[in-house]
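You will see chain A twice below: alongside chain B first, and alongside chain C after that.
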Partner chain A sequence: MQKFILRNFTLIRTLIAIALGIVISIFLIYVISETPGFSLKSFLIAPLLSKSRLSNIVENATPILFCGIAIAVAFRAKQFNIGAEGALFISAAVGTAFAVSTSMPIFIHIPLVLLVAAGAGAAWGFIPGFMKAKWGASELVASLMMNYVAYFLGLYLINNFFRDKEAGFLVSYRLPESARLAQFLEGTRMHYGVFLALGAALLIYYLMFHTTLGYEIRMTGHNQGFSRFGGIKIFKIIILVQVIEGALAGMGGMTEIMGIHGRFNWQMSPGYGWEGIIVAIIGREHPILIIFASFFLAYIRVGGQSLNLLADVPFELVTVIQAVIIILITAEAFLGRFKYKLTVNEAKREEAGDESLA
Partner chain B sequence: MAAILEVKNIEKIYPDGVIANKDVSVSVEEGTIHAIVGENGAGKSTLMKVIFGITRPQNGTISFQGQEVNFKSPDDAIQQGIGMVHQHLMLASDLTVAENLVLGIEPKRRGIFLDDHEMIRLTREVAQRFSLEVPPDKKIKDLPIGIRQRVEILKALYRKAELLILDEPTAVLTPQETEVLFRTLKQLKANGKTILFISHKLREVKEIADRVTVMRDSQVITTEDAAKLSEEDISHLMVGRDIRTERIPQSETTGEVVLETKGLSFVNEDEIFVLKDVSFSVRAGEILGLAGVEGNGQTELVKLLTGLLQPTDGEIFVRSKAISGLSPRKVREIGLAHIPEDRMENGVADQASVKENLIVDRYYKAPYSRRSRLLWKTITDHTLDLVKRFHILTRNVDTPVNSLSGGNIQKVVVARELSADPDVLIASQPTRGVDVGSEEHIHSLLRQVRDEGKAVFMVSADLDEVLKLSSRILVIYNGEIVAHIPDPSMVSAEDLGPYMLGVKRQEDLGAEIHS
Partner chain C sequence: MSPLLDSIFSSDFGFAVLRVMTPLIFPALGFAITDLAGVVNISLEGMMLMSAFFGVIVGAFTGSLLLALLAGILIGIAMGAALGYFHLKLKTDIILGAIAMNMFASGFTIFLLYVLTGDKGSTSSLKSLVFPEVHIPLLRSIPVLGDILSGHNVLTYAALLSAIVFFFLIFKTPLGLRIRAVGQNPDAARSVGINVDRVQLYALMLSGLFGALGGLYLSMGYVSWFARDMTAGRGWIAIAAATLGGNMPLGTFLAALLFGSVNALAIYIASVNIPSELIQMIPYVATVLALALYAIRVQKRRQKIKEEALEEEYDSGPPDNPPPAAAKQRGGSS
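Then we have the complex of A and B:
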């Protein structure tokens, strides 16, 4: 048992952190709400009971998942590019521009639009990647700054060249039907983008753990000195991971436009790139775990909306809960003493029979 | 004589589950030099950390000067009169000797301003009291390592240390500097100080210690008067069996030149000539040893040879093929393998598994991968094979390397580099920080590589190692080759010292080095 806990310590710690975060939020709800029982139900249960809320979870999780795996690829190589948000925004704008100005059969148009969006994101990721590889410019600062550039550049592109003047808002023309991702369940907004996201997560999992490129990425992240010594081209990896990040985030943005809105209607940056960082961390930069983390985060978000809508608790609370969970998970030392004690016991127990190889 | 330090039943388990001290009890008498010996990983350093308050044990008690103490930090230990000189000296290199000496307890004028004159006066005073000469106004970075160490000792004495702990103090010193250090320690003993001295060099222990405690496998094996034990006794107690220490005769048959450098120079970022006109050649079937005090260009030389740095001037040839300008991977493919000097920096990715560490130079080739797909089954088999052949002690092939001991991590590196079946092996500090058993094993592997007709270029700060293994020896000083010893059996460590310190150099080295 002890050994099992030790081996899966990080996972168990994550689950405890989540549980603790929920306990704290329950406490907060009890303090704030006049009708705590009902509020709790709206927060934790309601999202799972209605078709439309379940669908909300899925559609919310889709771009978060794209961004989460995108960021995980870069983080695995210890490249702290936080430009997924910008890449997502600019790619959606460029992809929209391409989609509304072309017309093709659906089975070519959809992949081509996605490809253009991914290409825009890749180019966006290339810039901080190259600056880091070539001049050692901090990718963190560069990608952060580029988020602003992406935002204003995207808006400029849409509002000046592709704005639908007949609509009452600042939105682009509608995407042609041939560039729309279908919604697969009547009466919901769930679209096929979620399968693309899941597929991408599996693909990235395979890339990271079963290909030579994934090996190079992970080793570069572990120890650059070691990788260079072994003959891995660090220069290439540093750029490539950020290109991949941009491309994946870009696809995440584009599927959202193609599947839900049908036109570019963001006047604010949607924030999926930031939530992507959160799920990448909760999911320990592992594509499969990030799938769960994305759905969990979306669930918390939708719960917050329903809590806000049905009960008397403000939406801000959700943000607090989220923050508590993230802080607990990222705090390496959380439960550290407990782990130390287990380790000590285990070491003592193993003393008698040494279980090493060779 | 009374015991100044009494350590009883110490048990220490690290967060990663390693048991470093198991029921350790030692008593140190006042006014003696007490040596703690043991292989690396025997628990010596941990014991010192416990005594000095750097880490806290699970169980056990420590009494100092008759009182039970419970240090929460090194500050507590210093307050009580314990000083420690770490293996890697803890001095601020941009500050002067005097500034380092009074760091944290500086004399002040009007309560705010540093009193430079007082600082220097205090330094002179304490230096005189213990007859340890130091230049008070010189910056640490401008001083040789032996003097820096002396500053560290003075620093402890200035803080009124009665017990001085020295963690492998001679590891970074030349034979001559070691002599001076030992004189210092004897003087301190005469002044009534107690010295706790950690080492794994038996000759030194015999030379200087009054009492010896031998540790093995995290336990104390025995504590004896040094006079009662011979070097053989100690080594037997340390390892639990006899080890060979005699020199092995060199193989006579050397072949063609495999590795050659011509006029190699390197200018670093600070525009300093780190290497000047270095030329030598290594033949098949020989080990060419490079001796020298660390920091005289060895690190850069190895990086040039392995493609990690590019020379400013000069050329490197492997089998008459110029290799400068080639990437590390190309250099490896030509047939050069490299055991790097700092295994944690270059040799391994410590969070990655044993398996992943063993393929970094070959993962992209068959049979380890096919069309970019890693073949984990083959890799696992390959790993199991190397683990067995090189006696790597690991739980399994997926164990992260950082939970292995230093000796076993080094074996992972050696296993990978030797299994690449190179024509040339560059071995830099091949046994640094590994236990005696692993050292012996690695030495025999290097000899085996030599006997297979490979060219070996070995850089080592350990003179015994250089003398024991090399077919020929070069000495490097300040980026230049200053001596060539064609027959190492004719020289001793003391003969090499003057070359290493730059006081002596051979003239007309040119042709001879290529012999």
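Then we have the complex of A and C:
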């Protein structure tokens, strides 16, 4: 048992962090809600009971998963590019612009629109990537500023050139049917984008752990100086991971537009890029774990929405819990003493075992 | 364009620049002090938000400006201490920890805002206190300069003063010396008996103090209410400003002045017929450009130093038998 805990220590620690986060949220609900039992039910159980909420979880998880694996690639190389949000926004705007101004057969149109969106995102990732690789400018600050630029530029593009003036509010023209991702279950908004996201996660898993490039990315993150000596082209890696990040985040934004809204209707930045950071951390920058993390995060976010709607607790409870979970997961010394004790015990037992054998 | 130029060269514009740069100077200094100490604090955004919120709330519920100020400052320092605890004790990566703090601040302020006022947008239902404006007797009567410099919020003057305070703190006090020592080489600092963790913790707490003042100005000076996520990236622009200013007080001040001017310009251009989205983009584009230019400059300087060092090595001493100890030392210090 001890050996099992020790071997899966990080996973168990992550689960404990999540459990603690949920315990704290239950506590907060009891403090502020007048009907805590009902609130709790709408937070944790309601999302699982109705078909529409279950499908909400899947819809929500899709762009989060795209952004999560996107950010994981960059974080693995220790490039703290937090520009997924901006890449997602600008890609959706550019992709929409492209989709509404072209018409083609569906089997060309869909991949082409996705490609254009991914290209816009890649360009968005390239800028901070290049600035970092070439001049050593902080990609963190640059990518963050680029988020704001993307937001205003995207709105400028849509509001000034592709705005549907017949709609009563600020939205783009409708995408042609040939650029829509079909919804596959009657009565829900679940669309094929979720399979694209899962496919992308598997692809990135393969890239990161079964190719030379993936190895180079991971080594760059571990020890840049050593990697340089080993012949890895750091310049290339630094730019490439941020380009990949932008492209993936861009696909995430575009699939949401193509699958759910059918037109660009964001007046606020949707925030999936930030949730991507959370799932990248919860999933320990591992694409397969990030799949689970995305669905978990989508679950508590849908829970938060139903809490906000049905009960008297604001949605931002979820944001607070997310922060707590991240802190606990990234705190390497959290449960460190416990691990130390386990290791010592295990070593002692092995020693005793050796002696009895001898 | 001429009315635009007129308004830019008016004293109103100068006044607006000072107003806009106040919430940038404070957090920029707050970031600079942590960067000097080797614990980059990117949670200024969150610190400002928390202080802005608690300042308004405490002010509204107690009616005391002093208590509001104290509450805002305390919460800022507490945020710094918390980040220090996570990073130094629990070994959290400081970047990820700070991202979590920012997230926490954004969520927590809206959460409490709703619980306390039933509103999730702003504290418009509360009577918010504001820090007083100061009219400087002699200065105000000077024609143009007086219009620009006099009549500001007391915190604007505090911001200008704090750049000077920052200078003395960093260069004239033992703590400042320790902060710089720890940032440059923690191991060396440790070897002469400096408690590295403690110095870094103090730097983070001081950073919280600066961030708090910036936040308090936003909600109790710049405007007189708290609105959700009202910092709008100022904590990040401030980081760019400090980086641009090389973490030094004068440089940081000038960088904040630059960003302040661009921001004020964006407000003034609004009267011209340019789509508002493009105008609002200006400060952020300017930050990216400035960041790149600064990085290029630093890199060039570094290369020059390297080349000079190489030349020096080549010039001095016979190339056959260089003194090994000296060569080693130079390698270590560059």
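Operating definition for what follows: the second predicted complex is superposed on the first by the 350 of 358 C-alpha atoms of A that agree within 3 Å, B and C clash if a C-alpha of one lies under 4 Å from a C-alpha of the other, contacts with A are read in each partner's own complex, and residues count from 1 in each chain.
Quick note on the criterion: contacts are C-beta pairs under 8 Å (C-beta built on N, C-alpha and C of every residue); 3 or more make two chains touch, one makes a residue touch a chain.
Just so we're clear, the structure is a prediction, and the values are computed from it rather than from any experiment.
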{"item": "Clash or fit (per the criteria above) of chain B with chain C on chain A", "value": "clash"}
{"item": "First, second, both or neither for A:153, with chain B first and chain C second", "value": "second"}
{"item": "Chain B or chain C, by number of chain A residues touched", "value": "C"}
{"item": "Touched partner set for A:127, first chain B, second chain C, both or neither", "value": "second"}
{"item": "First (chain B), second (chain C), both or neither touched by A:268", "value": "neither"}
{"item": "Partner chain(s) touched by A:82 [first = chain B, second = chain C, both, neither]", "value": "second"}
{"item": "Contacts of A:225 with chain B and chain C, given as first, second, both or neither", "value": "first"}
{"item": "Partner chain(s) touched by A:324 [first = chain B, second = chain C, both, neither]", "value": "second"}
{"item": "Of the stretches 39-47, 57-65 or 309-317 belonging to chain C, the one that collides with chain B", "value": "309-317"}
{"item": "Intersection of chain A interface sets (partners chain B, chain C)", "value": "336"}
{"item": "Chain A contact footprint on chain B (complex, rising order)", "value": "13, 15-19, 58, 306, 308, 327-329, 332, 338, 340, 345-352, 356, 359-361, 363-364, 369, 372-374, 376, 387-388, 391-397"}
{"item": "Contacting residues of chain C [partner chain A, same complex]", "value": "42, 86, 89-93, 95-97, 99-101, 103-104, 106-108, 110-111, 114-115, 120, 233, 236-237, 239-240, 243, 275, 277-278, 280-281, 284-285, 287-288, 291-292, 294-296, 298-299"}
{"item": "Touch list for chain A against partner chain C, complex", "value": "32, 80, 82, 127, 131, 135-138, 140-142, 144-146, 148-149, 152-153, 155-156, 159-160, 274, 277-278, 281, 314, 316-320, 322-324, 326-327, 330-334, 336"}
{"item": "Contact footprint of chain B on chain A as seen in their complex", "value": "210-215, 218-219, 222-223, 225-233, 336, 339-340, 343-344, 346-348, 350-351, 355-358"}
